[in-house]
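First chain written, first letter: the chains are A, B and C, and each begins at residue 1.
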Amino acid sequence: MGYVAVRGGEEAIGNAEKLLRAARAGGDSELLSPRQIREQLHLAVDRVMGEGSLYAPDLAALAFKQAAGDSFEAAFILRSYRTTLPRIGYAAPAATERMRVIRRISAAFKEVPGGQILGPTADYTLRLLDFDLAQESAEATRRAIREFFQAAETLEPLPERFPKVVALLRREGLLVERRKAAAAASPVVDVTREALSFPAPRSAQLQTLARGETGGLLALAYSNMRGYGSVHPVIGELRVGYLPVEVSHPPDGGLRRIGEIKVTEAEVIARLGREDGEPRFTLGYGLCFGHNETKAIAMAVLDRAMSASEPEAPSEDQEFVLTHVDGIESMGFCNHYKLPHYVTFQSDLDRLRRIRSSPSGPGEAGPPDPKAGGA
Amino acid sequence: MTLPPPIVQVRGLTRRFGTGCPACPELTGPAAETNQCPRCRSVTACREVSFELHSGEVLGIVGESGSGKSTVVRLLHFDLAPTAGEYRLNLNGAAAAGLPWLEPGQNLFELGPHQRRQLRNRLMGIVYQNPLLGLRLKVTAGGNIAERLLMAGWRRVERMRERAADLLARTEVPVERMDELPRHFSGGMQQRVQIAKALSTDPAVLLLDEVTTGLDVSVQARVLDLIRSLQRELQIATIVVSHDLGVIRMLTTRTLVMRYGGIVEQGLSDQILEDPQHPYTQLLVNSTL
Amino acid sequence: MSRPARAGAPADWRDGLPPGRDGYSFAFLDAGAKREIRRRILKAVAIPGCQVPFGSREMPIARGWGTGGLQLTLALIGPEDVLKVIDQGADDSVNAVSIRRFVQRVTGVRTTTDTPAATLIQTRHRIPEEPLRPHQILVFQVPIPEPLRLVEPSEKETRRMHAEADYSRMWLYLYEDIVTYGEITIGARYPVLVNRRHLMDPSPIPRWDVERLDRNPALMLFCAGREKRIYALPPHTLVEPLQFEDVPFRVESFAGRRCRRCGSARSFLDEAIDEATGRRSYACSDAAFCEKVRKAGGRTAPEPEEGGP
């Protein structure tokens, strides 16, 4: 018994951490502030919040700084911080019709009620390296922004709400109703409190995808779009904006608004199905924290793909998709192979030597001569 | 002469694909000349199929594709679940050994999945048209046979290998190829490995689903000869499903003729082939002669 | 907008962690999480060898690095416990150091390298050489809790196989190995049958340790954080490696070899290749055991070993 005198290990770990800190703040440029990251690398922050499964821009920016820009690592730091937070309650379901929209487009209809709102998007920019940014003047940039918004003040403000495009199709009875069926089937589960079991209820599917790693979701969804699968998506509506968060207030049980979160929502219309007899369009749904359109669309495609009754491609097999999209899990497991495996390797060596040392391949316990038995 | 009770009793076997509707029974079947309900688009693959199979008997089920004959076999092998029907086995003591939970006269469709799996492994053998369904092509020929023995509780490698070698020899598969993968075998040899696998646990019932379809004529003849001699030797109650009247003639004593999921005619195979009564059977017989 | 819930950590935090227990619950996990994990442990103990799903929490160490074992340790540990952490048998392996340091930081418990002195031992890939006692708990870190994953990738199907005790495909795998290689090729992570009912993955311990699971007086708990499964071997549980009647299970052979440090010929040995001579030499994988044998007057002179391959 007594205190452990460890040989070397502890000191080596301590030094490795110091080196890591030195590498993060390497060079002699000004140190990044989390605020700079939050404001100027906001898409990275959004991604970290989504994969870290915690809506906290300041903390996500801090994690991104700490992880020196590794989004896997930053999401991981945020996720493990999340674990320590008390679970106070669950927010009320939020209707995305009430989203304060900054961008909304539909690829299904040229004209949609409320109109197409491009918002901040890089979609139509030429991806030319902008050398001016290398010597950007804060003053000039701020002035340009100010002038841009001043000019916009004369314009009519955006409406508070936009009607949902898919609601039009729904009203005509052209869409398969998955929402009602799913809600009736099971209560909402919390994937952070219960391990997934298969077939997983839709609430668990959507939560798992929403926490999924953007690249992982994209690779699987892309495989489906390209041909290993049969979802041919049309983006019914993609919207980015702020969604009010409401909780039930203990004294009277009424809903109180506690803030709003920025989200991206995608609704993709996919091939016909006739689950209830009548042929209808099917729908895939994606929603994630922050502004991350690639993730929302990929999620919607996977949501639709996983509803296939007989999976024919990996992206249609919900077990395959849901157990492989989590970035924290997959990156942890991938990296754990760096840990020592001396014992298992010793065991493998023993097996190999035993097999090789036996005469003529099969060892002393090898298969009996089949001809001895019958024939 | 009193016959012993039949080893297999099937009553009212029905399987529908799709939601079904009240009109299905009327709008599908041999009389309606379709198996798809025009109202709800559901397909009734087989309906109200009843028959008995006696110890040592070989029963043929003949019909064109879509007649429901393969569905019947898959239902009997628990590959599919029925929409309705009863399925009973009357076993002697030896065959029922190892299945202590099996009660006499029990409807097998009411068994749980675990019991069905056990029962199938111990008492049934099946040979599919497609060897992919019956064999693991990435497992050695001997391993394929061993799998069923392992499931039946065998735990001695040497005894399993003796058993596998014996079965392969009987089914005319060169025993020295026992440790090779069946995906390197010819189609005829794959079928013979399937037969060996089907026989591995001394089944009470053997199901043969279009076993020679797709094989060369000379290979077909050899496989059929093999089945006939094994059947005579082992006296296993067998159901032979085929669209080929030649196969029915060669192997079976009694035959059911199916069309649009229902039985349209049944009787001794010789009689049916010589003097078909139902117009459809007449068409079948005439078109092959 | 959102404000960090714990913005401005106290100045005496070190390495992102609070000093002692302040700021975090004792043993890091909140009381609700601990209660849930303990309930799952009870269920696992009630059905030896059966995998019980649980709501695995994210830990400050990476998935695959022992988050499962760590959650069990944190859910079970009390202020009076004495903790030992090993990886590959060694207390000073980097990952063992990191885990021990974390648990000590958030609990303040005493730690030890001495197996009999520990009340709670967390391990990766080994069972300590010294026999365990009743009332000791051994917590295994598990990468892949499903022994059938080797033959079947789908969770839905493996759950069915466990429910029906249908292990014929695992047996078939062993049969095919014997036919192809003359030997079963599985070294570490050898599948075991618990109480003649559940097939269990013993975690990647060597075959050497598999036999030591059988009817062990200590409580053995297994947890896979990433795969979110807990399973258990209550004291004195029957544990048998899958083996054919005519092909006996064999542990790793160290015939004629001894530890170059302590001279032991009765422990699992790590193999090393001497850079200068190219010769193979061997040393105990259980470093604390080795140290003890040496102090007790075991052989200290290095043993001559056979030539390299």
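Here is the rule we use: a residue touches a chain if its C-beta (ideal position, glycine included) is under 8 Å from a C-beta of that chain, and two chains touch if they have at least 3 such contacts.
Source: prediction; values computed, not measured.
Chains touching both chain A and chain B: C. With every chain reduced to the mean of its CA atoms, the largest distance from chain A is reached by B. Looking at B-C and A-C side by side, the one with more C-beta contacts is A-C. Mean C-alpha position of chain B lies 49 Å from that of chain C. In terms of their C-alpha centroids, the spacing between chain A and chain C amounts to 32 Å. The multi-chain contact residues of chain A, meaning those touching 2 or more other chains, are 367. Within chain C, contacts with two or more other chains are made by residues 178-179, 246-247.
In chain B, 142, 157-158, 179 are the positions where the chain touches two or more neighbouring chains simultaneously.
Touching chain C in their complex are the following residues of chain B: 113-114, 117, 139-140, 142-143, 146-147, 150-151, 155-158, 160, 179.
Of all residues in chain C, those touching chain A in their complex are 1-5, 7, 15, 24-25, 28-30, 32-33, 36, 53-60, 62-65, 67, 82, 87-89, 91-98, 100-101, 110-114, 117, 124-126, 143, 154-156, 159, 178-179, 181-189, 204-208, 226, 228-229, 246-248, 250, 252-253, 268-271, 285. The touching residues of chain A, when paired with chain C in their complex, are 1-10, 12-13, 17, 55-59, 62, 76, 79-80, 82-87, 190, 192-199, 259, 319, 323, 328-329, 331-336, 339-344, 346-351, 354-355, 358, 361-367. Listed in rising order, the residues of chain C touching chain B in the complex are 160, 163-166, 168-169, 171-172, 175-176, 178-180, 244-247.
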